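Shared between the two complexes below is subunit A, which has subunit B as its partner in the first and subunit C in the second.
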Partner chain A sequence: MSKSTVNFILNGKQIGPIAVDQNTMMIQFLHEHLNLTGTKFGCGAGICHACVILEKTATGHVTHRTCINGVGSFNGKNLMTVEGHARIDVKTQELELHPVQQAFIEHFSFQCGWCTSGFVNEAIGYYESLKQNPVKKSELRSSIEASLAEHVCRCTGYVKYYEAIEDLILSQPELVR
Partner chain B sequence: MKKLKQTRRDFIKTVVIAGVSVYFSPLVSASSREQEYLYKPKKSWASGGKAKFRVDAIQKVTGKKVFARDFRAKDFDLWPDKQWHGYIVCATVADRTFESIDLSFLEKQPTKIILAEDLAKNDIKLPPFHGEEMLLTKGSVPHFIGHPVAILLFDEFDDFNAAKSRLDFNPDVLKFGDKAELYQRNPYASWRVVRIAKERNDSSDVFSPFQDGLFFPAYQLRQPKWPRERNIGGTLGEKGMYYADTIQQDLLKTNVHVVEKQFQTQIVEPMMLEPEAANVWLDQATQTVHGTVTCQDPSDFTEMAVHLLKQTKQAKDIKSIVLYSGFVGGGFGAKDHSVFPYYALVASLFSDGNPIRIANDRYQQFQSGLKRHPFKINNRLGINKDTLKIEALTSVCDVDGGGRENFSASVASAGMSAMQGVFYIPKSDLQATAYHSRNVTSGSMRGYGSTQCMPVVDLMMGQAAAELNVDPFELRRKNLLHTDDLNTQGAEIAGELRYREILDKAEQHPIWKNRAANKHTFETNNPNKTFGVGYSLLSKNYGTGNVGPNAAVNLLESGEIVLEIEYMEMGSGAQTSQGLLTDKFFGQAADEVQVAVTETWKALQLFETDNPYTISQEKQDKMSKDPLWTPVKLMASSASDSATFQTEATKGACAVVYQYGILPAARTLWKLDKNSDLSAATWQDGQLTQAGYPNLPLPLLASTAHHLGLVTGCVAHTVNRWAWTEAEFTIEGHTQVHSLDALAVRYGNGANSAKTQLMDNLGYHLIKRNWVKYPSTQYNNAMVTYYAPCDCLVELSVDKYSGKVDILRTHSVLDAGPVISKPIVEGQIQGGLAMGIGHVLHEYLPPFEDGPGNGRWNLNRYHVPLARDLSVWDMTLEILPSNDSSERPKGIAEVVMLPVISAVQDAIFNAIGERFDHTPITAEQIKSRLSV
Partner chain C sequence: MKKLIIIGLALGLAAVIFIYFGSGKLANVASAAHQSETVDIIVERGRQVAIESDCVACHTGPSGAPFAGGVAFDSPFGMIYSTNITPDKQYGIGLYQREDFYRAVKWGYSSKVGNLYPAMPFTSYRKLNDEDLDALWAYFQSIKPIAEPNSANDLIFPANIRFFLGGWNQLFFDDSDFINDTNRSEQWNKGKYFVEAAGHCGECHTPRNLLFAMQPDKALQGEFLEGWQAGDITAKELKSQGWNAKDLVDLLKMGESRKGSTYENMYLVVNHSLSHMPNEDLAAISGYLLDKDQVSIAEVTGSSDLQPIERVYLSQEDKTLSGYQTYVDYCAGCHGLDGLGKPEAVVALHQNSAFTAQSPYNSIAVILRGLPSKRQSQTRGVVSMSSFNAQVSDQQVAELVNFARQVWGAQKDAKVNNDMVKEIREKLDKEGYLNHLQMKKSD
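What follows is the complex of A and B.
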């Protein structure tokens, strides 16, 4: 069994370098090696996008499917999973969600929650991108549709995910033009 | 993550089955404790009786371990860290005998291989509910495509993963002999419901199952053979056949317009996003089985697991089972009585004391998971040409149950009894037979037979309207069921039916009213497309007929409210909506809502004796005199049941604490006589108010109730059999009738010794009822009496060249009764619409060798609706306000997916003038009709 070396930043922490079986998919590495199971296995074929995680790059954010990409392909990247977005206020011990997470819970966007981590990461990537490239108000809906288009949700009919993102963006004038 | 530091004290002992103690361990709360859930969100989850977010929202949106599939051996401190992994090898043919398994191509052999002979040697058999041949015996023909043949165990993940990549899709693993006859057996069940009404307002029938009972066929050549004799004075069957014949004669009358419809529905994959998984460890030292499984029915699973284990050589001395229950990542019925977890359970007997995890990937889930039954429906609907009233309906449904029986008998019955939809049918002869086939097993998927049957009659009414040249709304209106009517089983419809109101609203809605103008505008702007509008009004029955919900509420001295419910949280929001119910009684939502609770109900000391569906009235009357007897102790978790049934127990428990804890505390604080009337007291901003007296905040009332030793907690149970139970209890010297059959109370911390001595080790004082009135056993013949209606208007376009359908706009009206949480009901409607659109337009699994049993199906070939397949921004809805203060919430999670199925078909007909006799209707099929 050939090994490859894994070395990246995840949720602000250095992972590796460690040697893992080169056939290991990123989602398997997250689950079986790091015990981070917030990233969900849906189809295992790169279709449902439940397994999407976020990469912070020099120019913005990129999402990746972890069920079809080997862990080695993430070397050198700065990555975020769903576990990494919320912050704890050390003084008040209160939990502060990312605005996208907050919008999702306030809009009752999800039900069973299995697709939620994928939606969270995709939507955060999209939301953060608008800080640099605000969207025309008239194109906001089609822009949301394009960003979340491939994510499968079996429970909700998508409406409350989409409305949450739309309301969040419209509440921040700097994100629209 | 740190390990879950669960000690044996955290295990909640529930029942002892065949000498084995069954414990439940609340995975979610234990997990939360270890995952820094000491950190509170900034805002509480509810205020003013409304949820600000779901109780489970924070855990799910931050990716915490809350699902059974998330957990590995190393997460549990009591388990060994070493995790084994399992792989189930399945047959992908069903017409050859299995001879051998060949794993020689694997770089590293499995640590263990389990075959049928190993099961036989160790006396391992599936629970009878799941049938025979857990693993296929050598020399036998598979019972179905996808029949498991072997379980391979690997002691290292990397070895498992490497082997899996060689095993997946590999046709050479299993060796089969020559062609052989397919496995065959008699049908799983066959039903026939014949009803001849008297006058419409008569409460009795000439003949009906509710009044006269059900009759059943013999089987010959694997087909039902109904009684040959027709005799009005004969046996029940002969009588039934006599009346069935009269209906055939009625349909031949010249003034009756008959619509005939043969309709075929498809095999549907539930596609809950969390594939099934189980992780099981047999602790040989203590003879305890620990497990976490992705099931909707933990109580049933553990009960069957005990019986499975006790008969085995390896675990015949088993002492305990501990089931760690987590949230369910979608189920839609397919994780209810699934056979899957038993494979991991059995594997644990061979894994040398190591935890074994089996987790389906999506191909395996398609191959092994329960499906929605395909129905072949043959209907004849007769409408009087003069009165436009329905004369009669006959229906024959052939239901394909697949390879194992599961709930096929029940689904066939439910589909048959749903056939009438929203219409009054004075004469009906409905048949449904559930057959075995070599397809993957079908089970209790959302809709439960109604999805297949109910849209068909509504479509037939639309067709009849066109053929009779009458307005479809008018034809529907003339034939709507009324509240006092009897259904096709001859049972009374319970609750108000607001069909006419919903129909009237639809007729006035712009989608319908402006359809001609909208069509013209759209087609002018889109010359390559045709435009259509469709409508359907359906009504789904809900409930199972014998339900025994439990709930407990406790008011802590601090004023915090802890609610315990029997229900599992599957995403439908039961945890959140139940948590809101305390607001009416305590002025605020519950601070903590524990789901899937089992231990607390022991305080009621209830026992059952008989099958509640078959018990005689005489036996029920006799047993009812024992205050600890109940027809049914528990209820299963299904999405459409919590709002109605769980709510009754929750409210019943809250009402007792309010009446015997809150109000006496208020009287003390307001210095009122103990019998003074406080019926006008209300909650405002978390304080109890009464004109002329100072407002009382809940913490003050709670501390007072505790100080005085008043009732501060209650566990309650009730029974529903298409009607509610009533019983009289004497609490604190007051005698009153409650909609409960059992209750126990907890007294506050200041209770005197006389009171504390009354409380058991769970801290409750059992109050034995003075008398009880259970619903009549005759209701068991009713099959269903509770209905929730929902309609759907659909506006769509059809591409003239590709046949592609685009949903442009939908509008739904739902009668949910009194709504507990509006956003949760909205979410159900929206999700139901998506699933219904998938059913009617997209989702299809072929039968037999090309179907999912071959292990080659995934989302690349099976299309579940994406947002672009729906009108996400134009999905409007209206939830009717309840107009009856005594009305109870309705079960709506299933009905919301139904009317869109027939509305889309109606709209396609409106757009292209073609009717289809199957689901789904694909773009290719539409295109072929358009080209003709």
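What follows is the complex of A and C.
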């Protein structure tokens, strides 16, 4: 089978250039080549958004579904998966989750966790976008719902995800206007 | 401005001529009697004619009240709103006499406001026969009156002067009756009648001139509409694309076929109108469009299921063509590595009319624009397609479309070049059609 070349930044590290089978989807590459299994494969048809990862662009953040996009479509991009958001505190050596991840845990937002990596990436993209464009307080709920609308969760009923983000944003006055 | 004034004066002059010579015809409305039929039968036929004519699509607005009007049409001259056609005396057509109804539907003249804008397809309804018109009139008298006021149009000069529309009519309105071709079969003529009259297919599929009149010598050859191309549906084109009668009936009945799926406006036409029509009528339409005198019902029905997609796999050679890698990277995740699609979720690409069509316009536009999801029935639907405008270069689109036309559309020409894509991209962007799926965040 023909090969194509993979070359991008993932969680701050340069990946490639490496040759992979031409037909490789991004989620396959994450799981099987990089052993990053935090990104979940749900429907495999672009519907549930469990497999969403985050791209940092010059102007903000964009999300991509990895089950339906070939690895080649990510070349040249600066990407984050669910494995890349937490930091190790250099002094204490403690794991510090991204505030969005922390909020999800504090609100018991997920149960089985299959949808969680997708929610984390989408919600982080949304949260970061508010640093540039704060949202009107009166429109916060609807804007959270719009940003996560396409993410399917079969366990929780969504409310705890939405509440977690709402609480997090309201705790940072600079994100609302 | 000067140009507009000249157009205005020309239309005004033509209006005078139309009113002078045409008024006699307005009064000469035939009066067909239905002595032997009961009112119920006539009303039921009228309901069917209303379905065939797709009245509901334009006359049921945001309030959802059936036939109470209020649908906005964003024309190049400004906004036009459809009107209340329920029998309400104040806002609807409750004070109409049969003659008033005739004038409005067949002649584009309302006794309330004067000349109608040709957004109302009276240029096609003119071909309806009197029997169907009577039935339609009976039906619209029988429905529930709804007291919903009409919205005022918001148009620029000279389009806001209805008087000038008489001039437009004089210049472009073909006031001849439907012509039954005695050399052709009854079924073929039935199909022709539907396509030309109630179905008003030409209103979208026939190219228009500078003053937005259909060009009869180019009937059904395709026209641009809201950033898409309402395809060329002439028999020559359909045959060259490999459509058969069953494909057409599948598409008209279910909104999907072996040759692809209907979207946007045509999806609505299928849902509101065509899917409610009997197979006999759809067979007649398919026969007329394919220029066949006889299409048997067995040929187009057989089972209610769609004709299966041919499982044709790409060859190793196909996979070496430029465009294939872009296909894998952006498209294969949904459409499959061999373009076979996913049943009830994603259309197959082999023989898809986007690629068998002579014009590559829609295949380029769909990559740039994406498509909303649609639900055809409880069990049948298609997921949305992302807009790839921000993802792919002009060259990638050109290579992709040439690849797809070659392997799935059986077209050997590499017709699409970068400039063509660039031009379409700029046009769609200017008209506000790119990234219109705002709700779609991730690709």
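One rule holds in what follows: the second predicted complex is superposed on the first by the 177 of 177 C-alpha atoms of A that agree within 3 Å, B and C clash if a C-alpha of one lies under 4 Å from a C-alpha of the other, contacts with A are read in each partner's own complex, and residues count from 1 in each chain.
By our rule, a residue touches a chain if its C-beta (ideal position, glycine included) is under 8 Å from a C-beta of that chain, and two chains touch if they have at least 3 such contacts.
Computed from a predicted structure; not experimentally measured.
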Based on the superposed arrangement, let me know which partner A:E139 touches: subunit B (first), subunit C (second), both, or neither?
neither
Considering only touches as defined above, state whether A:S4 meets subunit B (first), subunit C (second), both or neither.
second
Looking at the overlay, what does A:H64 touch: subunit B (first), subunit C (second), both, or neither?
second
Does the superposition put A:S147 against subunit B (first), subunit C (second), both, or neither?
second
Touch test for A:Q22: subunit B only (first), subunit C only (second), both, or neither?
second
Subunit C versus subunit B, contacts on subunit A by residue:
B
Once the shared chain is lined up, is A:D167 touching subunit B (first), subunit C (second), both, or neither of them?
neither
Pick one for A:G38: touches subunit B only (first), subunit C only (second), both, or neither.
first
Between subunit B (first) and subunit C (second), which, if any, makes contact with A:V52: first, second, both or neither?
second
Just subunit B (first), just subunit C (second), both, or neither: which does A:G72 touch?
second
Return the residues of subunit A at which the contacts from subunit B and from subunit C coincide.
23, 45, 47, 149-150
Help me check something: in the complex, which residues belonging to subunit A touch subunit B?
1, 21, 23-24, 28, 31-32, 35-45, 47-48, 50, 81-83, 85-86, 88, 93-97, 101, 104-108, 110-117, 120, 141, 145, 148-160, 162
For the complex, give me every residue of subunit A touching subunit C.
2, 4, 22-23, 25, 45-47, 49, 52, 62-65, 67-73, 122, 146-147, 149-150
Subunit B residues touching subunit A - in the complex, by the definition given at the top:
1, 36, 38-42, 51-54, 56-67, 69-72, 74-75, 107, 157-158, 161-162, 165, 271-275, 327-332, 359, 361-363, 570-573, 823-824, 826-827, 829-835, 858-860, 864, 866-868, 870, 872-873, 875
Subunit A partner, complex, touching residues on subunit C are 319-320, 325, 328-330, 332-334, 337, 342, 345-346, 383, 386, 391, 439-443
